[in-house]
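Data first, discussion second: the structure below is written as structure tokens.
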Amino acid sequence: MKNVHQPDWDRQSRTGFPEAIYCARKSPEQINIIIEDAVTRQRPLFLTALGVETYQGLDRDNSAQLDYDHVSATGIVGKTAPLGQSGVGIIAAGTSDIPVATEAQRTLAFCGYDSTMIHDVGVAGLWRLLERIEEIQQFRVIIALAGMEGALFSVLAGLVEAPVIAVPTSVGYGVSTGGRTALESALGSCSPGIMTVNIDNGFGAAAATIKILQSAHK
Amino acid sequence: MKNVHQPDWDRQSRTGFPEAIYCARKSPEQINIIIEDAVTRQRPLFLTALGVETYQGLDRDNSAQLDYDHVSATGIVGKTAPLGQSGVGIIAAGTSDIPVATEAQRTLAFCGYDSTMIHDVGVAGLWRLLERIEEIQQFRVIIALAGMEGALFSVLAGLVEAPVIAVPTSVGYGVSTGGRTALESALGSCSPGIMTVNIDNGFGAAAATIKILQSAHK
Amino acid sequence: MKNVHQPDWDRQSRTGFPEAIYCARKSPEQINIIIEDAVTRQRPLFLTALGVETYQGLDRDNSAQLDYDHVSATGIVGKTAPLGQSGVGIIAAGTSDIPVATEAQRTLAFCGYDSTMIHDVGVAGLWRLLERIEEIQQFRVIIALAGMEGALFSVLAGLVEAPVIAVPTSVGYGVSTGGRTALESALGSCSPGIMTVNIDNGFGAAAATIKILQSAHK
Amino acid sequence: MKNVHQPDWDRQSRTGFPEAIYCARKSPEQINIIIEDAVTRQRPLFLTALGVETYQGLDRDNSAQLDYDHVSATGIVGKTAPLGQSGVGIIAAGTSDIPVATEAQRTLAFCGYDSTMIHDVGVAGLWRLLERIEEIQQFRVIIALAGMEGALFSVLAGLVEAPVIAVPTSVGYGVSTGGRTALESALGSCSPGIMTVNIDNGFGAAAATIKILQSAHK
Amino acid sequence: MKNVHQPDWDRQSRTGFPEAIYCARKSPEQINIIIEDAVTRQRPLFLTALGVETYQGLDRDNSAQLDYDHVSATGIVGKTAPLGQSGVGIIAAGTSDIPVATEAQRTLAFCGYDSTMIHDVGVAGLWRLLERIEEIQQFRVIIALAGMEGALFSVLAGLVEAPVIAVPTSVGYGVSTGGRTALESALGSCSPGIMTVNIDNGFGAAAATIKILQSAHK
Amino acid sequence: MKNVHQPDWDRQSRTGFPEAIYCARKSPEQINIIIEDAVTRQRPLFLTALGVETYQGLDRDNSAQLDYDHVSATGIVGKTAPLGQSGVGIIAAGTSDIPVATEAQRTLAFCGYDSTMIHDVGVAGLWRLLERIEEIQQFRVIIALAGMEGALFSVLAGLVEAPVIAVPTSVGYGVSTGGRTALESALGSCSPGIMTVNIDNGFGAAAATIKILQSAHK
Amino acid sequence: MKNVHQPDWDRQSRTGFPEAIYCARKSPEQINIIIEDAVTRQRPLFLTALGVETYQGLDRDNSAQLDYDHVSATGIVGKTAPLGQSGVGIIAAGTSDIPVATEAQRTLAFCGYDSTMIHDVGVAGLWRLLERIEEIQQFRVIIALAGMEGALFSVLAGLVEAPVIAVPTSVGYGVSTGGRTALESALGSCSPGIMTVNIDNGFGAAAATIKILQSAHK
Amino acid sequence: MKNVHQPDWDRQSRTGFPEAIYCARKSPEQINIIIEDAVTRQRPLFLTALGVETYQGLDRDNSAQLDYDHVSATGIVGKTAPLGQSGVGIIAAGTSDIPVATEAQRTLAFCGYDSTMIHDVGVAGLWRLLERIEEIQQFRVIIALAGMEGALFSVLAGLVEAPVIAVPTSVGYGVSTGGRTALESALGSCSPGIMTVNIDNGFGAAAATIKILQSAHK
């Protein structure tokens, strides 16, 4: 097992958040070993950035263990807890943001938290956001996703009481290529209460959300 | 007169827009000569980026010829035409955008076009913009100014029929320093109909507005 | 129909500009549903960034509904209005700018505006531009396209009375890769009256042009 | 009162967070008017980026109304609520981060939340952080501040259960000038649960903290 | 042999470091000639960035001469000296850094120096690093590898006496794409004693290590 | 004379170009010593970036030895050769480019080459350039200077047979701040025959011009 | 022939440099038409960035007309003049720079100028450059090519009297990716007499060289 | 002593390198307290980035304790050990690099290591470097300093056996402003054995040198 990633099975007991594996540069062989290790230890495991091609290259026995979602490129090993009512809203500006939004939603579900996703409410058509604003104002924590110029973050944070975790997405072209413009819009926003994670980091936004929800019980 | 800027007095007849002088790197001595030349030829002249210190360094005779505004750092030589009703709205997100907004307003006035300025309608408090949106929807052309994350551009363009000329301003700190984030927000916006000029270029936005208004009479 | 983009069929009545769909990250399945929805509602629909491969992956019934152009990667559902004389000129520096220029031309046509395209008039051979400058000076609104160093924008705007909407294109290599140099040339130009849209955004330039033309009738 | 910023006195009732004024580009005259308005309306007011020089340029009557702190360049008008126990920790890597840390602390206090500041625990001498880690692990929400390379964020977030709000500071030279390296370290961190605000934005970190604390009571 | 790279067979006698060939843009034909030349001259040769595809395109006779490693994409021609005890530690934050770490290890071995590799000790789970810190503190020279935000460099350098050569890796996404954030973290670190090489440059780190080890005998 | 710059008096015999001293970070004391050294050795010396303040801080005896020009911030020690007819044209887009243009002109004169300066021929008013194009077409070598968007370089190089050395200047604001846009316009130009030097490097452009002129006699 | 590039057959008579076609974004169909046009008009034509795949997609009749070189991806239509002795040296740091060097050499040959190419003289092994420096010092004009950190430009320009045209190449990885570091090394060099063209622009360097050679005869 | 930096007096026993204080953002009051603390504890202390103005603002009693050097802006409290022969060479390209070179030299001396400084050996005049190369080849460790384009690093590392620690300096203008070009030249160099520290970080280079020298005795 030389040179194979050794999962940090102690993480949950230390930080309240279980081990997750970022699969982007891992081979099917490496992931096979990790899944087998999780199954043997009976530990739940969350896999991100697991592309369809890599997924299909896994051993049958291992892929059969996975609850796989190709939209978000995530896989779950093991049973997840029944979902409690958490009051988390996931607000995506456009359809292209749904893969990252789903990564966040699946991460929350893996840890036992439900969430509601609302999409196609970008500010180019403000009425769409305003039509649903009362529903949105009920959420306790909001994960907001937008690419292009990321104006949704500022508008949303100015309309709600909940903390807003901005996830800039790499959706766009020209100056917006790669998500930098959306990222800087979130960081430079004049609406107080916005916090930002890395571009396309739906997983990180969910992890932060969980820490916020858990801190309420301290 | 060696090495002194030679104004392009033919410009108006060729492009429909009179000569304007950018004073940022010019000495009072150089500007004195240009003003005297304009007065002698009885040509109207518009001076931008004319800081208070440079203005105060001008010869008395020349500064007396100037209609000077210290907020926008602009000066006008000669009589300007009476203002006609042009239907131009200048919408500024915050107070800090007013100097650039005033540069645009003074440029329009220099060419005979009136305009209405509305400020403190940034999207962090969306209700402020929405309270005045019906008035804003009446404008034929809109110059919008915002620094920070520049979310105003997208929201505004999604709510009006008029073309929107975005002027990103160098208002902000951290990632927003220098106006780059606001600029890229304008360019990357998903609201159709936004056009952008250089950071802090109130003059250029007004020049483009005038060309739009003139094109309507062709 | 979960997670499928829900077109904003109200957009035209609210902003004067109909719904358009950016297809770059959408699957044939998602686009099939949107086309069927448009056909059912009898709404015209404009599709941009619809690559040949995605187009060929559409259901036959749906691709048959499309007026598709592979140069500009655009598709139109529904009949477009007969074209009126709008006085719009589309001036492209080189042959490589033609795809983006055509996106602009098709967008205009979709909304009922005709336009004249002139290409291969980059400033490396200035005589080519000057040979046609009288024709170009007749246009009411000009969409200019250039990649590389984007010098065309400044030269053109100094020679015409019409407002100039600059579309920097991602044509070039080395420092010009991706279109940044052309973009900044447009923004930093010393010719007054230039407005800029995002790199390769022929659609946005056309949308702004239409708003300018409509504002003339207010 | 033309061209003076009009505070948004409705903000608190709408978003749960009171109006704050960013003073960086405002003149003493403009700030005088805002303070008088707050005093007249008996509204509490928080002023940020209020440099010593501007502060000293205020009318005596107005500066006497201010609880001013020169380290953080903040001023408070009106009585603040007695501080409740909030469980907020403010962890600063070095001494140079204290001004921004104090901006956060004063913002929290303005809204009625106490906090504990710990500084000089940068990771170059890890034992300093580890000596105090048990105290730090008790906090419900952590605001972390670091300039230079910002390694504190990752280390800290890996050791605590609380959500960590990273405030990169503009402390550093060479590649670290302006705070970009610390910002990207926070965003690119592999420790889950970090959220980031703009460089030097102690105010924003406090605002987000307050929203998190308030969400716990929903 | 026109236009084929001419290896610098004098290098070792001049700089104490033998010739190495960077194969990234070379064709199998070009590499065949270089290998044959080395074999004929009986000179050891180190090949980097030799991808599997190029390796498989070599003539059988030549690939048979190679000690090839597909993880690090390196090849060795000729016998390497028996390894002496050098006291070099190679510390990799994560599994994805192993290819670059192996390039460093193979370069050291090619020149007769052994090394110990330790991986999966990134600071997100600090306990993993601390568990092995006593072993790490025994090394005379440390090569440290990390992508993402590169916080390992600062933490490690604060805990050891040995010089630390940081190798930022191109592991990461969003702001960390390409390795820039890890690079700047290494350069901007406040832990004294860190030196940095180019992104993914395991070869260069090993070369510098060898020069350090050799300088001890002067 | 410890830590004082030691001029390279051998340079001219080796490279055909005499020693020049860049004074930007040097104190009057350091420059005094260098001037005295030149006077003693009877060597001509060219000083660049010698600001007025530093010049005025020199010892009287030394400043009296200098042919100083405050526009270009250059000083010459020693007699310069009588100027021969070199056919060099220096074409500056605007008045603000004159200081850098003069640095080039003075460097040429120091080495015995005359030159003709033409300014205010930026392409925003193309007729100004075209009015003088026949004169410009007579030059054997052209040094062109422009800030802002640097469109002059492309237009000029498309109209002349002479090689064009582009000197981007740090004239501009917003995206043009610092001269990057003009630099990239020169590099990315589609007019063949443009070569570029560093921003504001009038000295370097002149040095290259001299090498071109000298190469004609080989 | 709609939307096909219309070559500028007048270029040579106007600028002394014949038409060249940049083929990177052109289809075989478009290039077929251009070649046929050249053949019909009996005009020589130079094609750059003509990849092997595109070349193979041309009509047999047309590819048979081409003198094609796959290393430099260039093609020549028509007979080129016999080569005269021009004294041009092409100095390439490494083997990877040979394709761009060959583009320069072929451009020169197309216009009737011979040149001598010397490669593998990068400064990492300075002796290699010094061994051939006397030969290099005989050249009248030098085109220098280097990627990575581009140190060759400074060293070379300090050793020769000829003007040096630097061509940074996109050879390198990490910070050197894309050629930016080599480009800025050329521009920022402290050796006088270096002029720079765009990254990988061997064609442009040759065009400038030809203009320099021609200017010697004026 | 609230909010005053608390020196890490344990650092030397833990890492072999004593505490140093970076004074750039500290007030004279803060530095007074730190010096008094050092004097009371009889601990040696090294102060960097201590500008003349701050130095002069210190209490007389404290400034009298300092061995202050205004060139490098460094101060030393306490007696330093007698210097042993360490074989360290400090090679500076130009005079402007001397302040940073001296920071390195003073840091070494503070820890008991001597060093030899050689300056004005930039590669624009290669003979200067080559004249002294035999002396330079005797050093065991080399600290090299260069701004502008940083070509010295590559040339030097190709000529010596010693490890080379590159210190890019913020000497230059245009593209070289701030030291980025020199930094990337060091990182992207093709000469093996170069390691790099932050721009202007003479202190860090000396700290790494000391760790290298100490590792030789392990």
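Residue numbering begins at 1 within each chain, and the chains themselves are lettered A, B, C, D, E, F, G and H in the order written.
Here is the rule we use: a residue touches a chain if its C-beta (ideal position, glycine included) is under 8 Å from a C-beta of that chain, and two chains touch if they have at least 3 such contacts.
Keep in mind that what you see is a predicted model, and the values were worked out from it rather than measured.
Contacts with chain B and chain G are shared by C, F.
The chain with its Cα centre farthest from the Cα centre of chain D is G.
The interface of F-G is repeated, with over half of its contact pairs matching by residue number, by E-H among B-D, A-E or E-H. Compared on C-beta pairs in contact, F-H and E-H come out with E-H as the pair having more.
Averaging Cα coordinates per chain places chain G and chain H 43 Å apart. Centre to centre, using the average C-alpha position, chain B and chain F are separated by 35 Å.
Here the spacing of chain B and chain E, counted between their Cα centres, is 56 Å.
Residue positions of chain D touching 2 or more other chains: 14, 94, 125, 158-159, 174-176, 183, 187-188, 192, 198-199. Pairs of chains meeting the touch criterion: A-B, A-C, A-D, A-E, B-C, B-D, B-F, C-F, C-G, D-E, D-H, E-G, E-H, F-G, F-H, G-H. Residue ranges of chain B in contact with chain C, taken from their complex: 14-17, 20, 87, 140-141, 158-165, 183, 187-188, 192-199, 203-204, 207-208, 210-212, 214-216, 218. Residues 3-6, 8, 10-11, 14, 24-26, 30, 49, 170, 178-179, 183, 198-201 of chain D are the ones that touch chain B when the two sit in their complex.
By the touch rule above, chain H contacts chain F in their complex via residues 71, 94-96, 98, 119-120, 125, 127-128, 171, 173-177.
By the touch rule above, chain D contacts chain E in their complex via residues 93-94, 122-126, 148-151, 153-155, 157-159, 172, 174-176, 180-182, 184-192.
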